[in-house]
Amino acid sequence: MDLSSLTEQDRMKMLQLLSEKQMKDTMRLYNSLVERCFTDCALDFTTRSLTSKEEQCINKCADKFFRHSARVGQRFQEQQVILMQQQQQGDQPAAAQQQQ
Amino acid sequence: MDLSSLTEQDRMKMLQLLSEKQMKDTMRLYNSLVERCFTDCALDFTTRSLTSKEEQCINKCADKFFRHSARVGQRFQEQQVILMQQQQQGDQPAAAQQQQ
Amino acid sequence: MDLSSLTEQDRMKMLQLLSEKQMKDTMRLYNSLVERCFTDCALDFTTRSLTSKEEQCINKCADKFFRHSARVGQRFQEQQVILMQQQQQGDQPAAAQQQQ
Amino acid sequence: HAQPPMSLMQQIAQQQASADALRQAEQEMEAMADVFNRMVDACFKKCIPSKYHESDLNKGESVCVDRCVAKYMDTHIKIGKKLQALGEQAQAIQEQQMQQAA
Amino acid sequence: HAQPPMSLMQQIAQQQASADALRQAEQEMEAMADVFNRMVDACFKKCIPSKYHESDLNKGESVCVDRCVAKYMDTHIKIGKKLQALGEQAQAIQEQQMQQAA
Amino acid sequence: HAQPPMSLMQQIAQQQASADALRQAEQEMEAMADVFNRMVDACFKKCIPSKYHESDLNKGESVCVDRCVAKYMDTHIKIGKKLQALGEQAQAIQEQQMQQAA
């Protein structure tokens, strides 16, 4: 991202945009998490409220997803750093340095 | 939603936005309905036009989805009203009043 | 699309919008292709790099998807032309002229 | 450079019409792209086995794709007519209710 | 028609507040629509067999849909509380770190 | 406070460049988020069985997730190169056609 050409006003807008984007991402995460854990855990439609078994499943599903998502985020960032270093070293093939 | 701070002009914009949003939602519903009913009903690719059996299936699929969607909408609204009442009564746990 | 009422300035904006839309579509195609070919081809998680078998699968998957997408695009355009002609001929039922 | 009021109003109205046409064109583009993308996905699932033995579309796959697009468009049109009929029905009920209320 | 500077500032502030409220309302509308659309999809998958024997929702399907909506909302609330607790936890850690750094 | 025309042009050009950079940054953020979200989904499907026996990622799941991210990024890069080659090929054909037309 080259932001050097931004005016002061657009720099402010950028920050606002970022926070809106973050808000939206959180919403999306929230809604997709609900959909996923509901789909995997709510299996009994003979009752109107969640059974304790379903509730436990939902709790574990959400916890596991948070941890999964955080781990993917960490690995993703590490890979980004490696990729940037490779690009600075003059575009060597990405695969070569990633073995095992 | 707190819209009390809206200027007259933005109130107009809000209405336009709402109608655009509605338009977009209708488009999304339309397109997702086509995808769903096509996927579930179009099963024979030895012909180029829909067989009468496929066509019947698509009709029922669309009808059923409309009715399903309307029912979910009703229940959703009812739940929203209950949730708001609970919030006004000072944030009692949501689950407690929803049993069976 | 009726663009006759566009001002010169909005005509320019339209072109910019189109190019941004194209950019976005390319990104979406790219990302969805990666997701699809990864899901179908990466099956072995005992290694950290893609096996040669997985890599071959990914190459074929991407090629096949491009060709598929291009073919759907061609057929889609042809159908659009037929539909427009039918509309100009006074809204005859679409199915009638599409048999086999 | 003084602008008579009427001409200014016209100018504003013209700019508004232009902005509206721009937004509508934008929406139509998006709707069309959405139809296309869903069709590509649906027909890929219907016609292309996920084994990927070769890079080309083979004869069977190609024929399947052509028929799939035709059937998808047909489904699109059929459901579109259903939606339209439903919209008209809803409007008729609304008008009836407004007449009864008057 | 000369505007004193302070009033102009106020006017700008008011317009900004209005634009912010508009954006927020827009986001809330979208979030709500997203919840609804996902619920419709999830409950369709849970309750409606893809055979489509008839156009109506039959008794069993209708009861299933009602329970599905209730359970979905319950899940929504439960996970919402989890997210909130997590957010507060993250904030507490951040504040602790800032105190240690100071 | 009179602005000479050239300076005004420059100012407009600068604002345009800034708005363009803003839009581009916005698009890049969205593209990155899209990659990440799809990766999270794909690796969840590959590595996490939907039984949810415990809240933690167990050893096997953790190792799988690490490898999954590495393979996903690899796939991303490989297909990116393919797309780039295809784009260059399309451009070459276009240029060839324009030369023939001239």
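The chains carry the letters A, B, C, D, E and F, assigned in the order they are written, with residues numbered from 1 in each.
Note that contacts are C-beta pairs under 8 Å (C-beta built on N, C-alpha and C of every residue); 3 or more make two chains touch, one makes a residue touch a chain.
Computed from a prediction, not measured in an experiment: that's the story for all the values here.
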| item | value |
| --- | --- |
| Angle, in degrees to the nearest 5, of the Cα rotation that carries chain A onto chain B | 120 |
| Centroid-based (C-alpha) most distant chain relative to chain C | E |
| Farthest chain relative to chain F (centres taken as mean CA coordinates) | B |
| Distance from chain E to chain B - Cα centre to Cα centre, in angstrom | 15 |
| Length of the line joining the C-alpha centres of chain B and chain F, rounded to whole Å | 31 |
| Chain D-chain F separation of Cα centroids, rounded to whole Å | 26 |
| Sequence positions of chain F contacting 2 or more other chains | 47, 66, 70, 74, 78 |
| Residues of chain B whose C-beta touches two or more other chains | 28, 41, 47-49, 59, 63, 95, 98 |
| Residues of chain E touching chain A in the complex | 23, 27, 31, 34-35, 38, 41-42, 45-47, 63-64, 66-68, 70-72, 74-76, 78-80, 82-83, 86 |
| List of chain C residues in touch with chain F within their complex | 20, 23-24, 26-28, 30-35, 37-39, 41-42, 45-50, 54-55, 58-59, 62-63, 66 |
| Chain E contact footprint on chain B (complex, rising order) | 1-7, 9-10, 13-14, 17-18, 21, 25, 28, 36, 40-41, 57, 59-61, 63-65, 67-69, 71-73, 75-76, 79, 83, 94-95, 98 |
| Complex interface listing, chain F residues touching chain A | 14-15, 17-22, 24-26, 28-30, 33, 36-37, 39-40, 43-44, 47-48, 50, 52-57, 61-62, 65-66, 69-70, 73-74, 77-78 |
